[in-house]
Structure formats: C-alpha cells, structure tokens
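Next up, some structures in structure tokens.
Both complexes below contain chain A, partnered by chain B and then by chain C.
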Partner chain A sequence: MNFGPVQQSIAASLASWGVPHSGSELAALLILLLIPFGVAFSIAGVAQYFERKVSAVVSRRFGPSTAGGEGILRLVVNLAFFFLPAATRARLEKTVANLPGVKQILFVVSYLGLGQIVADGVKMFTKEDILPRDADRVLFRGATYILLLASFVALVAMPISQNFYLSDFSVAALYVSAVTGVGVVGLLMAGWGSNNKYSLLGGVRAVAQIVSYEIPIALTIAAVAMWSGTLSLHGMIAAQYHPGFLSFLGWNLFQSPFFLILSVVYYTAGLAECNRTPFDFSESEQELIGGVGTEYSGLRWGLIFIAEYTDMILVGGIFASLFLGGYQSPLGEQWIVALPPAWEALVHGAIFCVKFLASIGVMMWLRWTLPRFRIDQVMRLAWVRLIPLSLICLFLLAASMLWFGHDGQVAQVIHGRFVSSLVVRPEGWQTASVWGVTILVVAVLVVLAKKFGDPKPMPEDVRKALVGGEG
Partner chain B sequence: MILSWIRELVDGLQATYGGVKETVGYARDYVKGEGLGSVVTTNYPEVEPTLPKGYRGHLFNEITKCTGCKSCARSCPIDCFQIETELSEGTKLHISRFDIDLSKCIYCGLCENACPHDCLHMTTDYQVDPKNSVNSLGKRYLFRRRPDQIAEKLTTQDMTTLHRITAQGAKDEADRAFFDRIEDVNKGKSLIGLYGEGFWTPEEKAHVTAVRDEKKRQKEAALKAEAEAKAMAAQAPGAEGNPS
Partner chain C sequence: MSHEILEQNDDLITINMGPHHPSTHGVLRLVIQTDGEMVKTCKPEIGYLHRSIEKIGENLEWYQFVPYTDRVDYVCSMNANLAYALGVEALLNTKPETAVEIPLRADCIRVLFAELNRISSHLVGVGAASMDMGAYTPFLHGITQREFINDIFEKTCGARLTYNYICIGGVMRDLHEGAEAEIRAFLDQLEPAMHSFNSLITTNTIFRGRYAGVAPVSREMAIAYGLVGPNLRASGVDWDLRRDRPYGLYPKLKFAVPVGGAYGGSKGVLGDCYDRYIVRLLEIVESIKICRQVLDMIPPPAEKADDPIGGYRVDVTKKLRTPPKGGLYTRVENPRGETGYYLVSDGTKMPYRLKIRTGSFTSLSLFETLVPGLMVADVVALIGSLDIVLPEVDR
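Here is the complex of A and B:
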C-alpha cells in the first residue's frame, strides 16, 4: 500500500531527528492518521452547529442563539488559571469581561450561539453512560464500536488531495461501499442488544433500507468505474482532469447526461445510507422515540452520532470524487498542480472540503424540506425506481462508450500520476450530440408521461390503513 | 406502463423541487430580513417579546383600595387566594394577609372580573424566579406588611410612591433611594411582603404553623378515637351474636 509522499516526508524528518527507520515509518503513519480523524471529529461538532443554523435559516428561526459567550469565557478563564483561588479567578473573569472589545466579541459569540458546540461537547462527555437492565452487554457496547469503525475505516480511502492522502489502493470505491455496509451489523446489534422494541424496530428498518440502497450505489460506482476504467478513487479523479481554464468541463457530471441522472440516484441513495431525514427510519423520533439510539446515553450516544456525521462526510466525499472532480478546482486546475506538494495538498484539500461540505449542506437543507416517507414508499423508491433507472443509465452509458470507440488499456499519465486505464475522452461533438439527443428524448418522454401516464394510485392496503377500515 | 413509471419519477422530482424552492424562499427572507416575518422566533432573553393585547400575567393587588371582601377568593376556581382580615382600631377592617399562590394560579382572570373595587389587576409580568425574584428593583415586592410590624408610619404620599414602585418597579435613582430609606427606617425589614410570604415574619409564620399543626393533630386524634370507638361498637355485638 502506498501512503503518499507526505507520509514519506514526515518519516524522513522524524528519521533526521534520530528516530530509527522502522519506527519513523510507523510514527509518521500514526501522525497522518490522526489528522483526518481529528478533522472528522471536529467536523461532526461543527456540522451539528451548522445543522441547527441551516435548519433555522431554512425554517425562519434564530436557531442556537444565546448559548453563552460568558460561559465560554468562564470556562476558558477557569481552565487557564486553575491554580489560582476561586475568588481571584472570579475577579479575573470580571476584569477580562470588562476589557475593551471583549463585550462585543462575547455578544457576537452568544448571538451566533457558538457556545452550543462547546456546550454539546461538554454535555456529551459528562453524561452518565447507562447500560439498561437485561440489555445484551456485548452487543450493546460492541455496536457503537462497529458503527464508528465502519465509518472511520472507510475514511481511509478519502482522496483528500493529490499529494496528501492516507492510502491509495486500486479498489478504493469497492472498499468504501463494502466497509460502510458493515455499519448495518452495528445498527442491528444496537437494536437487538438494547432489549427495547423501539430499538429493534429501528434496527430492522435500517437494515432493510441500507441493504436496498446499497444496490443503486454499487451500480453508480460501477458506471463511473466503467467510464474511467479504474476502481481507485484517485484514478477516477485523475480521469476527470481537464487541462483548459474551464476545468469543470472534465467532471463526470458534465461529461455525459447519464452521469447527471446517476448523480441524482447516488445522492438519494447516499441520503438513505446515512439515515438522513427523508429516509431516517432507523430513528424516526415520532414513532420510535430514538430508534436504535433510544437506550444509548452520554458518550456512547455521541459515538453513534459522530458515526452518522462521518457517514455524511463519506457520502459527500465519494459524491465529490465520482461526479464533481474530487479535489480539482472548477476553474483552472493546472496552476494548482504546479505548486509545491505541501501547498498543493492545502489548496486541493480546501477545495475537497468545500465540495463535501456543500453536499452536506444540501443534505441538511433537504432534511428540513422533505417529510419522512412511509416504509413502503422507501422500498418502492429503491427497488422500483432507482435500481431500474441506474441500470438503464448504466447500459446507455456503455452504449455511448461503444460509439465513442475506445477499447483496450490505455496507459497514460494524467495529473502527474500514472493511470493505467481505459480513459474515455470523447470528441466535443460526440459529447454534445449525446447530451442533445438525451435531453430531447427525456423531454419528449416527460411530455408524453405527463399527458398519458397515470399517477400511481396508493396501494389498497396502505390506503385502508391511512383512511381507516372501509374509507 | 413505462410512461406511468416516468410520470412517477417526474412527479417526485417536481414535488422535491417545489419543496426546495419553498425553503430557499424562507432562507432568502431570513437573509434579507424581509418577507412574511423574516424570523418568526424572537431572541428571547435579549429581546422582550411583544405581548398581545389583554395578556394575562401575574396578579397585582392595589392594597390601598382593597376592602378585603374576598370576592376574588370566592371566584377563584382553584383556591389560590389566602386572605385574612381583622378589625383594626375597633372599627376598620384591616387586611392582615393577602397571598396569592402563583404556583397554583391558572391566570384565568375570573378574580379580576369579580373584584368590585377594581383593585386586583392582571399585569403583563410573566417571568419570576420563585427563589430570587429579581427585577429592575432587585427584588419583587407585592404586598404591604401589617402596620404594627413597621417601625415608622408612612404618609399618604409615601404610600402612593410605594404603590407605584411595587406596580412598575423602580424607575430611577430617586425610587431606589426612597426604597432604601424605608428599609433603613424599618431596621432592614422589608416593608412589603414577598411573594407567598404574606404579612408574617418567619417567627410568626413558625408560630402559626405550629398552632395549626397542633390543631390538625388534635383533630386527627379525635377522629381516630371516634373511629376506634365505632369499630369497638361494631365488634361488640358481633362477639355477642355468636354464642355457639
């Protein structure tokens, strides 16, 4: 496995300080591992803040607005000067609060509710970890670790930038979808181990849902892999490289109309994979209290929560890698590639962060827009709509690739990186004609469907259940 | 059939688009600060909420006007009034206690309607910390103490000022100074009772509670004795009626 030049340089600098060679390699890897995990943990906190703020904006509320500026000041002063007696600390606190400018800062902090992040963290870490009576200890406790592990292990394959990444292996896309599937086991363990009917219902629902939505995700990944000829996420990103100033034209999203449809499919399925709101059946709070998380408290609940947010980061990151050109800049990519490795990593990392944070933002937005589906609707959406749709797109994409006429391995160097793949590079007129024909056909089909298609009536049993008896 | 399938997809996308458009409109309103009430919630502790007209908050009794007729207590559906009156100076009915248990009050406003002298009002106050009732005055005072508990007798002018302060809180330094003077003259004793404390000092309260408890205990003992006697009476014929 390749751990990238950054790890090599850290190892080299460690070795220059006198660390033996074998140890320095390992230590460099550990340091490297700490960075994304720290980023993921802090993103979970920040994402939660933004979840509240975005939902507040979208539903015209203030959101977290007064969680304390003064509280933070008190915490900071007390922690920093813990050796002083309490009275002195109180006086010091007052002095600091009366410094010019501090009051304004405190007002802004408390107006924005930034203290909420700290307050949530402290609350989570200090609450009691309750093990319910008659719960299955091993399953109950193990579930959190498996959930967290399934999310974090997949994070290893995140293509953060060209020179800074944790690992680059040839089956990264397959690996990510396989490893996140393990999270299902954690959910089921949590549901069964809690000895609570609501938890169990939540767990079973989550399993049914996630197993169903794995299929459209796998088909989407297959389509992108077919297009770029590799399963490596780095390879997929490299294949989206476009040398001109309008480098976003090279992104898969704009390369083929089928990718546009597939991106919608992937995003929907990814939303279901994260158990986010239109599909949050594992913790539908109006029906199941907290679903699988009902019996969890304190830090253990926090771990489930962090796993959920890490899943969101993962889906956002994979979405960006598959369709939005990964870490590549939308306008003018060449100058970033020419930068020295550390700077390149920084710029590319920032672009990647912006991309997956934007997709997380859309997830939050959708959460406050769409109501939860019924369970039969969720299953129908997966099996009757998304899977056929992604299959059709896959076949049409393959057909268009046949027309573009590429066959055989093309070994080439893209983006300063060796990509051994069948890279599709259709001519401009070919792409344009595929777009034109597809848009025309889709438009005709939509018009026809609107005119002649019958809207699907509600299933008889569901209607009876809703209306009640004979209705 | 295929057209129905496409129709479903298109309808779903359309519905999603409609919802997303709606929420974007909300976000736009929020950012611009216009539209149908850009933010529907208020930043409560910093910004005072605008109360609707006729808001029913805490009760306030103008004790100078009150005659102690107990109309309010009779009209109260949950008995949260505790009013005691006594004859002072032989002829005048003096209100020795006027307590409203705010933890019981349901703010129905019936007492306000029942009051014949228009001295019981519902104010627009809605926030009180029962342990430490802080307002602009520092504390929230509601009811006067009994004249014999006060060292210095107040003039009518003083009473008016006091009344205003109790109703509205201290407006300026002069009000505070006035309040401090009254407190000072009365040896640190508050001139006016706190919520729920009524006219009694703690010692008096303890005494009254002890007397009440004693009476209650006696009553209970009497009841118990009576019940025992009855039981004995019931047992006695039973014992006689079973000679075999």
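Here is the complex of A and C:
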C-alpha cells in the first residue's frame, strides 16, 4: 500500500513529536480517515437539501422554503446559553432578533430553506432510538455500522487530486467494488434483525438486486482496467491525460464507442447499487412501507440514510474516474498539472467535486422523474440486458485493441502486467473506423427495433388525446 | 388476528397490508400470504371507516342528509350530492302535487360542477396510481391541477373538499362573479398540462411495464362482479349511465365514452391495470369537452325582480315535509362508477330507509380472486388502478 504524501507528512510530524514509528503511521491514517467522515456527513446534509430543491424544480413547486429562521435563532440561543434561566433566554432571543440586519439574514435563511437542514439534523439526533420488541439486538444495531463502514472505507480510495489523496494502491478499483459489496450483509442483517416482514422482504430484495448488479459493474471496471493497463484509480486517471487544450478528448468516454455503452451500463448498475429510483427496492415505500429501514428511528435511521448518500458519492466518484477523466479538467489540463502542488490539489479537488455532484444531480433528477421497476423486471434487466451487453462490449473492446495493437502487448495487457504509459491504443483512422462500425450497427438495431419492436402500439387517436399532437 | 382469517401455512409469510400502509388509499386492510414475492392468498378486511351513514340518514330530514353525502365519497362530493339530490327529486316527481322543475341554470351548474369534480377525482386517481408505482412528481402535477378546481369551487360554495353545494331543488348559491371565464381559462391550461403529465408518466416504458398485463379483468368477470364506471369500461363494456340512462342535462351534450382496448402494447390485455388507468385519462379529456359545451349553453342569471332566488334553485322545503309514499332507486355515473340511492319514503319528513350503492365496494370484491398469483408490488398496482376510496366502501 502506498499512502499519499499528506499521510506521510502527518506521520513525519507525529514522529518528530516523539510518537513511535509504527504508531505514527496508524495515527496519521486515523486522522486522515476523519476527513471522509466529515466530508460525507456534511455532503449528506447538503445533498439532502439539494435533493429537496431538485424535487421541487422537477415537480414545479417551491420546495423547502418555510423552515423558519426564528426557530433556528431560538435553537442557537437556547443551546449557547443553556445555563441561563428560560425567561432570560427568551428576552435574549428577542434582543438578538431585533439587532440590525438579523431580520434580513433570517429572512434569507428561511427563504432558501436552509433551516430545513438544521431542523432535520436536530430531529435526527434527538428522536428516540427504538429497539423493537423481539428484534435481534445484535443484528439490528450492527447492521447500521456495517452499512456505514462499507460505504466509508471505500472513500479511502477516492482519487481526489494528483497530490492530495488518502491512499493510492494498485488494486483500488477492485477494492472499492469489493468493499461496497459488504454493505449487502448490512442490509440483510437489518432485514432479518428487525423482526418485521416488510424489512425481511426489503432485505432479500436488496441482496438479490445488489449482488446481480455487481457483475456489470465488475465487467465495466475490467474493461477500463484492460484499456489503461492498471487497476489503480490514479493510474486509470493518468492514462486519460491528454496534453492538448481540449483535454476532454483523452477521457475514456470519448476513446471508444464501447466505453460510451459501458458508461451507461455502469451508471445504471451504480444506481441499483445505491438503491436509488428506479431501483429503490430495499426501501420501496409504496409496497414495503420502509423496507429494511422500517423499524429504524432517530439517528440509526439517519446512519442508513448517510450510508446511502455516501454510496451515491462513491458511484459518482468512480464513474468520474473511470470515464470522465477523474479530477482532470475538460479544458486546458496541461496548465493545471503545471501548477504548484497545493494549488493543483485545490483545483483538481474542486473539479472532482463538480463531477461527482453532477452525477448525483442526475441521480436525483431520475429519482423524481421515473417510477420504480418490479423486482422481476429488475432482475431481468440485469441478467438479460446489462450483463450480456457489458460482456459483448468487453469482448469487442478487447478485439479492437487486439486488431489495432501489437498482439504481444495486448496479451500482456490482459494479464495485467502492463504499465499505463505503454498501453497500445488505436489511433486516427483506426479509432474512426471503430466508431463508424459501431454507430452503423447501433443505427441498424434501432431501425429494426422500430420496425419490429411493438407489434401493438397504442391507437393513434388515443395517443393523440393523451399526449397531444406531436407526442 | 390474521390467524383467524387465514389458514395457517408454515411455508408462507402472512403479511398485514394495512390498515396503516402508504398505498392502501385509506384504511383498507389486506391480509396476504406470500411465498417470497408471490402472493398466494388475499383477504380484504373493511369496516375501519364505518360511520353508519345510512342509519343516520333515516334519522334526519330529507334535506339535512345532503352534507352526509359529501362524506360518502369526499374525493367527488359534488357527484355524491348530485346523486342524492336527483334521487329525492325523482321521489318528489312521482306525484304531480309535489313535482319540482329544476331551473335550466341550476341544471347547467350541476353538470358543470359534476364534470369538474370528475376531472379532479380522476386527477387524484391517476396521480395516486403513479405515486404507487414510485413516481412522486406526477402526483403533484395532478394535485396542482386539482387545486385550481378547488379554488373555483371555493369561490362559489365556500368549501374545498366537502362542498354541500348541489341540493334538492337546485344548487345552494349562484356561480360567483366571473366564474365562467375562470373555468374556461382553467380548461384551456388543463389540456397542455395533461399532455405533459401523460408524456411524463403514461407513456413511460417503466410505468407501462408495471401496469400492462397486470391483473386483467375479463368482460364476463367484470359484469359478474358488478364492476361499474371506468373499471367496467376498461374491461370493454361500453356502458355509461350519462349516455345510456341519461339524467339532468346530459341528453343535450355530445361526448364519447372511452372503453378499454388493451392499450398497453404487446403485453397489454383487455381490462388490465393500464386500461383502467388510460380510461380515466380519456374521461378527463371528455369531461373537458362537456364542460365547454355546458359553458356555451348556460343561461345568464335571472333578474331578481322576476325570480326571488335567482333562477338557480326552487324552494322544496314544503314539499319535503309530505313527500309521496313509496321507494325508488336512482343511479348516477360518478367518477368511481355507478352510485345509486335507494330511498324509501313513508310520507313523513324523514326517509324510512336509505341505502347507498357505491362503486368501490364492488371493486374491492375482486381482490380475493384477482390477487393470488400476483407479486406484492402488483397488489399495490391493482389498488391504485381500481381507484378505491375507502369511505365509499364502508360508509
């Protein structure tokens, strides 16, 4: 394992304070682990706010705009001056509210609905943690920790920037998909331990779904690993570097048509991995009330919720690393690389954040637009559509690399002994021909599907009455 | 509790769906036994909302019962009012001394509001159906349109849910100032809004995959189980009381009666959930047409001088003290199908017997035969597509 320079410098300074060497490495790792925890917790709050706003935009309403500033003020005053008698606190609150400018600030706060985040947080922390009678104590409580742990330890491998990251190791992509798979155990524990039939059904559904969708994800990662010759996420991103001004041309998404298809496969499977609509089967409110989370309350429910949002961040981050050049800028990457390390880390970190936030935004957009599949349809989608599709793409990608590259080198690529700088890729007319053939095939398939797709379309007059003239 | 209802079977899980469940549309309790996701048996339990409205009706004077009809089906109170008012008027008309003639303006307002309420009820129905499938946004789009209808009703009659507006002998109040223009403006924006609603959810592939071919009710089965209204028409039975047993203003109006036709593509079956859903949406389109026609023929309000109550109501209080003896059954096409009032009079100011027949009650009888073999998620789809309103079942 190769830890980042930040951890090494922390370890070095700890060592200079007299901490023994073996302990200082561990302490530095623990300190660094606090960062993803903090980031994930705060992002979960922000993402929830974001989600409310997205849902409001999609359904054309105002969203959370009424969470009062007065309530926040009262809370802050009461918490900060808890030692004062209640009457004094009430008077103090009034005084503060009448200070010049405070009213305007409170108006803005409540107008934007920022109070909702605070209110939700307070609610979550203060609600009773109910343990249902006859529930399996250990499984019920342990499930939340496993869920949270599975999501958080995967964050360690996030390639935030070139010089600042938590850890870089050669099998990072494999590690992430392996570690997130552990979350399934948590869901099953929660489902069984709750002693609730809805929870049990939700847990079983979630396991069936997540285990199935891990296969297309693994196949996609295998394709990218084959292409860039490494399983390290940093290596994959480095392989997407393009020195020109239009640096997005180097991204995997634009390298091969098969990556375009695989990116859709990965995103769909990723949605299923983090239980988002249209794959929110572990919850499926309308059928199973709360699914695995039915019996959880208060902070314990909040932890499940945070784990879900962390999974979204993970899927977004991995998606960006595999296909969107990770932390690289779409334009003028060569200048950012040349910046001093601290600035480089800042700019790249910001770009990475934008990328995974955009991916989360699309997830939310889908969440508030699409209905949910049925469980058998979801399984069919995975086993009949996505897995064969990703297998075909993987095979054709390998074939195109074999066709255009030196076969000896490709053999080495497949055996994973290759370094990223020596990867053989089709260039110029070869790339064009791969794209051309694929687009042709897809076009033919689309035409055929249109011709023989639905033998019984909706009658024209009914369709017109429903969706108007142009449809 | 569940053990009393169903046989114990160790291979199956017994699940209580409801009465507290997000998508049983009220206090319906379904005791289902599932083998994993597949439902093997289903037993609906009703009665959680029973208020003995029929018995209350026997202890109230004829006109005092109108507000109770609101509570029978609160999603379409106007239609419920209309059904009762037409029933009592038909009873009065059996003897020439007590016969009432409703002013044309009152008839127009009745049909106009009944159709507007049909639109709002179907909006709730299709919106809730899509929400049951996990899509929350279409529900809000439907509710937004319903709010406009509620606003119009509120301006005229003062209430937003239980209107108590259509009364025996006419309507409670005249239309408010500028109501016609408001309703026209609403209808004009409703059409494009419904188009966007349908392109958002109705034509969605996932949604169609969830609804098409699920829980089909054949023509024979629909008739045998006494299904009514959109649920009956979705099974291909072309039967609409507004056209086939017309009442009020309906003989003068032109409108089509949409029936099911396996609209769900290659998987669609006649009378499946998707057909029931589509029939409701097509009925909204027809109701818009009806509203436009009524708005064109509505007479202006009468001058105060020649009509003391403005041409929207006739006074029936004296006639209601001594109504004709006898019983009769009146039925009306409501959003949830045929609503019938069986009224028996012994010539006094109170009904001797009052019996209500509603559409949701018969729809619910389908569950025991239709649900076994479906998946848990399909049960929810079935409830949503039948558009059940529980107070109508229990009364």
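As a working rule, the second predicted complex is superposed on the first by the 389 of 471 C-alpha atoms of A that agree within 3 Å, B and C clash if a C-alpha of one lies under 4 Å from a C-alpha of the other, contacts with A are read in each partner's own complex, and residues count from 1 in each chain.
We take it that a residue touches a chain if its C-beta (ideal position, glycine included) is under 8 Å from a C-beta of that chain, and two chains touch if they have at least 3 such contacts.
Computed from a predicted model, the values in this text were never measured in an experiment.
Looking at the shared chain after the overlay, A:339 reaches neither chain B nor chain C.
When the two structures are aligned on the shared chain, A:114 is found in touch with neither chain B nor chain C.
Judged by the touch definition given at the top, the superposed model places A:29 against neither chain B nor chain C. Contacts of A:452 after superposition on the shared chain: chain B is touched, whereas chain C is not. Applying the stated contact rule after C-alpha superposition, one finds that A:277 touches chain C and leaves chain B untouched. Of the two partner chains placed by superposition, only chain B is touched by A:385; chain C is not. Of the two partner chains placed by the overlay, chain B and chain C both lie in contact with A:58. Within the superposed three-chain model, A:373 lies in touch with chain C and out of touch with chain B [touch as defined at top].
More chain A residues lie in contact with C than with the other chain of the pair chain B and chain C.
Overlaid on A, the two complexes show chain B and chain C touching the same residues of chain A, namely 58-61, 368-370, 454-456. For chain A in complex with chain B, the touching residues are 57-62, 65-66, 111, 365-366, 368-370, 381, 384-385, 388-389, 445-446, 448-450, 452-456.
On the chain B side of its complex with chain A, the touching residues are 3-12, 16, 19-20, 22-23, 26-27, 29-31, 37-46. Taken in their complex, chain A has these residues touching chain C: 55, 58-61, 197-198, 200-201, 204-205, 277-278, 280, 284-289, 368-377, 454-459, 462-463, 465-468, 471. Residues of chain C that touch chain A in their complex: 13-15, 21-23, 34, 36-37, 130-137, 140-141, 144, 191-192, 194-195, 198-204, 206-207, 209-210, 261-263, 265-266, 268, 278, 281-282, 285, 375-380.
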